[in-house]
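Only one structure is covered here, and it is reproduced in the block below.
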Amino acid sequence: MLAPSFPTFLGAENSTDPASVKTPYALLGIPYGPSYEAWELSAAAGGADMVRAAAVAHAYTRFLTHWNFDIGEPQFEDGKPNVTDLGNIVGNVRDPECIVTDAAAVLGPLVKAGVVPVVIGGMDSVPPMLVAPFEGQEDINVLQIDAHIDFRDEINGRRDGFSSPMRRLRDYACVRDLVQVGARAIGSARRQEVEAALKAGNRIVTAWDVYENGAKSIAESLDLSRRWVVSLDCDGMDPSVAPGVGAIEPGGLTFMQTGALLNHLARNNRLAGIVFTEYQPARDVGDATAHVIVRLILNILGLQRNPQAVPVQR
Amino acid sequence: MLAPSFPTFLGAENSTDPASVKTPYALLGIPYGPSYEAWELSAAAGGADMVRAAAVAHAYTRFLTHWNFDIGEPQFEDGKPNVTDLGNIVGNVRDPECIVTDAAAVLGPLVKAGVVPVVIGGMDSVPPMLVAPFEGQEDINVLQIDAHIDFRDEINGRRDGFSSPMRRLRDYACVRDLVQVGARAIGSARRQEVEAALKAGNRIVTAWDVYENGAKSIAESLDLSRRWVVSLDCDGMDPSVAPGVGAIEPGGLTFMQTGALLNHLARNNRLAGIVFTEYQPARDVGDATAHVIVRLILNILGLQRNPQAVPVQR
Amino acid sequence: MLAPSFPTFLGAENSTDPASVKTPYALLGIPYGPSYEAWELSAAAGGADMVRAAAVAHAYTRFLTHWNFDIGEPQFEDGKPNVTDLGNIVGNVRDPECIVTDAAAVLGPLVKAGVVPVVIGGMDSVPPMLVAPFEGQEDINVLQIDAHIDFRDEINGRRDGFSSPMRRLRDYACVRDLVQVGARAIGSARRQEVEAALKAGNRIVTAWDVYENGAKSIAESLDLSRRWVVSLDCDGMDPSVAPGVGAIEPGGLTFMQTGALLNHLARNNRLAGIVFTEYQPARDVGDATAHVIVRLILNILGLQRNPQAVPVQR
Amino acid sequence: MLAPSFPTFLGAENSTDPASVKTPYALLGIPYGPSYEAWELSAAAGGADMVRAAAVAHAYTRFLTHWNFDIGEPQFEDGKPNVTDLGNIVGNVRDPECIVTDAAAVLGPLVKAGVVPVVIGGMDSVPPMLVAPFEGQEDINVLQIDAHIDFRDEINGRRDGFSSPMRRLRDYACVRDLVQVGARAIGSARRQEVEAALKAGNRIVTAWDVYENGAKSIAESLDLSRRWVVSLDCDGMDPSVAPGVGAIEPGGLTFMQTGALLNHLARNNRLAGIVFTEYQPARDVGDATAHVIVRLILNILGLQRNPQAVPVQR
Amino acid sequence: MLAPSFPTFLGAENSTDPASVKTPYALLGIPYGPSYEAWELSAAAGGADMVRAAAVAHAYTRFLTHWNFDIGEPQFEDGKPNVTDLGNIVGNVRDPECIVTDAAAVLGPLVKAGVVPVVIGGMDSVPPMLVAPFEGQEDINVLQIDAHIDFRDEINGRRDGFSSPMRRLRDYACVRDLVQVGARAIGSARRQEVEAALKAGNRIVTAWDVYENGAKSIAESLDLSRRWVVSLDCDGMDPSVAPGVGAIEPGGLTFMQTGALLNHLARNNRLAGIVFTEYQPARDVGDATAHVIVRLILNILGLQRNPQAVPVQR
Amino acid sequence: MLAPSFPTFLGAENSTDPASVKTPYALLGIPYGPSYEAWELSAAAGGADMVRAAAVAHAYTRFLTHWNFDIGEPQFEDGKPNVTDLGNIVGNVRDPECIVTDAAAVLGPLVKAGVVPVVIGGMDSVPPMLVAPFEGQEDINVLQIDAHIDFRDEINGRRDGFSSPMRRLRDYACVRDLVQVGARAIGSARRQEVEAALKAGNRIVTAWDVYENGAKSIAESLDLSRRWVVSLDCDGMDPSVAPGVGAIEPGGLTFMQTGALLNHLARNNRLAGIVFTEYQPARDVGDATAHVIVRLILNILGLQRNPQAVPVQR
């Protein structure tokens, strides 16, 4: 069900038993999920391992005790990452749905234990797997960073595949605020999806809004009474930052804008989990996108070293 | 004289008879124009067809009825683009000047009928072809976005080729305001060209000014009493946005800055025509530049669906 | 000791005798310096010649008399660059340290004569060579633009190699303010280096600070009572601007931010010297990084044509 | 079940009804087949369409009536290709095995009617689909060109997936000679597979044998009393010829060697069908591999214009 | 009319006066010729200068006195190339035909004086310019190496452009044997062109013939009673050798096969001139094609140092 | 002195004690050697590790027990490679010569113990390090495969650097036959070097000879009364096979020709050692060159499993 990876992320301890995790964060690769087109099964499958490799290549794994100027202190002064690497869920191409069960078996215990999952997808079908374990456990908000709102109720007969994840999240009563940041250009959404999203109470912050008002003001507008699950589709960022995606779309969030949003939640201990989706290694330029993912995670781990220590209101 | 293209832009109706255009916009490829160096004849010749192909490749043609988050509504909810594709003017390498006559024969009827031409060049010699039909018809302003001011009176014995288009525009009495945005670094202009431009009443807004003051404030400073012809040399944008140009120059306008200028004119129904020049497909990275051009046009078409409905003061 | 280069930078007069320089600026290539790893000896060695070639390729050398819109006047209206090209110091792979003596023999007379050196490295070991001649001659401030603070006292047994240059600068009493701009992510610095830097009076301005407050406000905060030596490690800039470096790090300074800092010092006649380091031609994309270096130098030369004319307080 | 493609191969007539084919050849895309790893489902899926596009891009579709110097006469002097394009079988990622049934429904009628199928895979699981319809219909020989002998009885629990196709062919009594050309280096075969292949009567001709003895002598050694199905795994060719494969292996067959084998069978009217496998567009350089496939097919179609006219002994 | 180039080929003496050439060979760039499509005017225009640059880049210019193992002796033991560099003919895009007159004015005196011209095109329209001066002066044979036979009488109304050069050569009575080597695949020739070529007495040696019989036997079959003009269209060579062409076609001549043909003529003092066509720098990979051209020329110059010393029968 | 590498070559046992090697072959990386230019110190330094990585990437390490069709039997049927990986000699950039002493300390015991060294350089200065231990131990022949004869007595004052290794080998009395295969074009050799090589008894087999006569006949002409040290400069192979070299030179040995020479010596148990030089990872295309090196070594190890078992005449 879980296959260990080598190297582990940041050289962290690894484990294939979610119940054994003692660190506040746990990293997990989910290679894919239900889909209706073949390329979705494999396009992003190797993403988690590429992210692990990039952490080695850019020397972060080697410099763990060093100062991180993004956070204003050493990354891990004792050299011990506050994350456990659970490896990757083993997929079964003849039964893509079974990955949902497997993900639940891993993420459920983590969420129950107060461990913050850091998931590397996988495509659009992965975010609901991260949200599911919170149902009945804790009300959460969701911050989606994406070029698209992904609010289709079904596409090609499937309700759990491409372009649907945010719609599926609304099937969970635990999801309260749903803030969608970075939308731009034309995607899968039609008038009915935009109206459904607004009716569901979602807040849509286009990329134009981010550039006009600044990422900081958006970050500061987020309700901090509940913790947030972040769903970061890599095409939410600008192609000059994260080229390794299926469909580039100019005008996306810069590295600094993306970091401002994530770091705000981490600093305030309001991060319940994060999932990176649609990182497609074959389309990356160098390993720029993997590099960016590593650094965003490093900042979270360093800005909030012990997230579960603070009580969350239910 | 006009050769139809396949696919058409956005799958729009095509026509080779400018008099038959019933839509408010018409797209036209002008492969080149008078020049003094051989490469100018072919460098940008395939640009219009690449732009058409990019609209297919990035799924815009397929998603025409979908929501465009840049404009805040569906692109074409009925699936009918408000543009006719006139194909490309057929060039004759032995008589580059004849393209001027041909362009006049196509653009003249369009302008007279109140259709807004969307022209894909071609190099520096194309913008005057778009302005010519307004002479004696309607006073206009011109917004040039370019790394260079293109105000040479002649180069190598030619007055209608490279680096001269803005100077040539000043030969037309119908041209009133001429705002030149994005100038930076060293180009073909010498002291005498800068002085001539200022003396002619041109306003030069350097790229530094854009970054300092914001594209929005520049957009808002534009006189809206007359309609504007936009001449967008792709090197006016930053190489990270539009790499497919002859000479990249760092520090150019971002996608958001460029869009802010164009969308302001479209929103206010002050766009009389637009010409994209110097897009050189062979130098593009992927089809990034073609993609950007498509999206800028989509925004215009969607923000101002029926431009000729509003009377313009003559 | 000095080998002439062809072409010279901007077609400037060349000389291999520093005492003969009559122009206010002198350009010098220092291919490398002391190091502890082999690749450091060669990675940046060809940088100066690539910069010279880029000035030809981008037509700056041909357009010397033309208007530079970055500075608001012609670059050199008489066609005579105010810089002498001293070529490159000849290295000796069997005695990397001797390059220090050679650099002193070239830079000493320049600084004494009031000529502003423009040095193209070379790696981290080069900046101290530029600062050394000021010792006992003139108190200076140092502006470092870099992704890293380079304040290690030693690495692998060497105190004059990689990651140490800013620490070495503090060995010179003539160095007063040391402002370090652009730090981000995890590099060679540990807690002890950050504390040592702050204790030494350095001011650390992270890349996040630059994006938050603007390059202009940082430029205006610089003390102008003393002249500045600028040490520009190319990885201080964003990879989308300057990809030709050993280790890219997203979130760096844009071209406009970098230019704002340098141009401020040049405009105010407060530039005592500048050194570009870590430009590695083999990793460049096109010659984007060389192009950026050329343009930054052009702006300095044009904004302050006669730097030594104004008295500096000692 | 069958989806039509646009453009069709060589601009041929298209049809989605195999029973309606009136031409001696029929082209069919089979995107994938049973597999045990996700990437196998999508890696080669777009191959058939890329082959169709390459025929346009290299002007073959436009020059159909022109002379083909590979065959010594015009390709199709009347401009009518002797092939029907059946489009692609529509896959179902949730039921990869159903493609086997679909392929049988298309290929069965073709083989029965004496039409020669030209199949573009798809991966290793496709060749048995082409051979199946001959069972009980006609005894055939099989020529495999491949870097690997693909004679595993099972891998990861599957007997119809990767590395198994030639073993599966031996399940059909209609398969008589099985000549395996191009084997080199280390692949999936172990001693037991080599021994099983030899015991089954297969003839293994390594790439070294081809270079030593010449493709011509190998061609001439083929038994012509029965027709041949050719299974051409693109990695059988040298990476300098066909780089678009999953695992390049130097020392493969040149274009001329590959052509010599195929053309010999076509010239002698001994070709019963051909399937190209493992062409992976994303790994191609330019469209070199697609180009090679087009040209190999053109030669077959031109060298043997009416294959079914000659009786085959059963 | 003639513009000098820098650097010159191999650092040879340069001249813009053909009458002044004292060396047995003269190098000349002809950027283009009459054409009917714009890209033909510029695609190969920079070829001659790229060839000159490649001779520097690959150190041949620096190693002139060194041993050339292709020829079995030092290239130029005295360091003096036996070739004069005449630079390039200056084109006029508004009058492409005038290049024919200019070429005649340069090549005429050369041929009359017994100097062997080495021409770098330019596209298909260039070879007739090299043959013209022999008319009435000396009967010659022509060896064409090309993927295509280029025997169209007209295309798009022009008889002196693309695909026509070998047909035009047959307009000259001085052309006796015309051997066409390397034809393969489908090009511009139809049945009528092949029949016309054979009727004209041309000998067509397909690429298949070259691989079957060896370049050596073809070389030895060439009639040596007359001198030969070689017309080498770079697409005659295999794309793995010369990728810098408009339309790659696998199965072309290898470097060794091409060299065997050219060197045979040079060794036997039967080379009257050579023209390289269709080298398109923008499509080259690295400068592989330029490199190959340099080396083929080096071999000719070294194998036959004083070609005019031996009398030719008229 | 020796630093272990991970992964090891083929997953072989590793050791940093040459005296402990129990396998018939030992692999060793020598990153560089004495040199006179900085880039030589680092250009090939990472070659050995890239070769180790390529063995993993191309699945050879995973398929060790599988059949190798190049040798006609399983590679290592028991899964145990007959080679020990000694890692890499640790260089010291301040004392490049000390690598010679270190290499002697590793290679001496190996040669004395009859272990066959497989060395991955490093540049031209490495081959003499492999030959030195044979002096006084065993007379050997040397087969050099290289585009150049490397017979300069000195360059830039050094006698042990670039272009000199074959000259240096002649300083050893143990070197008897020295066969130089693959020479072509112009390199560092002048008339005096060619004459010196021939006078020393070297046999020069140009690339033209290889293509003319076949690699097999050259292999069979090698004297088998003594064992051979092979010095394979990667530029001896054709750029289409081994692009990862400093200076590509078309017309080099194919993979099959190179293999024919090496395999002949291995098959006949006449291989005393082999060194690969000038493999420069940064110039490789993919890891094609590393891949080729791996496969050439695999063939040697498999064709001669126990080389020291057969007595060699001294």
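Observations
Letters A, B, C, D, E and F mark the chains as written, and numbering starts fresh at 1 in each.
One rule holds for everything that comes next: a contact is a pair of C-beta atoms (placed from the backbone, for glycine too) under 8 Å apart; a residue touches a chain by one contact, two chains touch by 3 or more.
Given the structure is predicted, the values throughout are model-derived calculations rather than measurements.
At the interface between subunit E and subunit F, two copies of one sequence, fewer than half of the residue numbers in use are shared by both copies. With rounding to the nearest 5, the Cα superposition of subunit C on subunit D corresponds to a rotation angle of 180 degrees. Averaging C-alpha coordinates per chain places the centre of subunit A 40 Å away from that of subunit B. Averaging C-alpha coordinates per chain places the centre of subunit B 43 Å away from that of subunit E. Listed for subunit D are residues 240, each touching two or more other chains. Chains touching one another form the pairs A-B, A-C, A-D, B-C, B-E, C-F, D-E, D-F, E-F.
Subunit A meets subunit D in the complex at residues 31-32, 35-39, 41-43, 45, 91, 93-94, 96, 282. Chain contact summary for the complex, subunit B toward subunit A: residues 58-60, 63, 65-70, 72-75, 77, 216, 240-241, 254-256, 259, 286, 288, 291-292, 295, 298.
Every residue of subunit A that touches subunit B in the complex is listed here, in rising order: 149, 183-191, 193-194, 204, 206-208, 211-212, 239-240, 247-248, 250-251.
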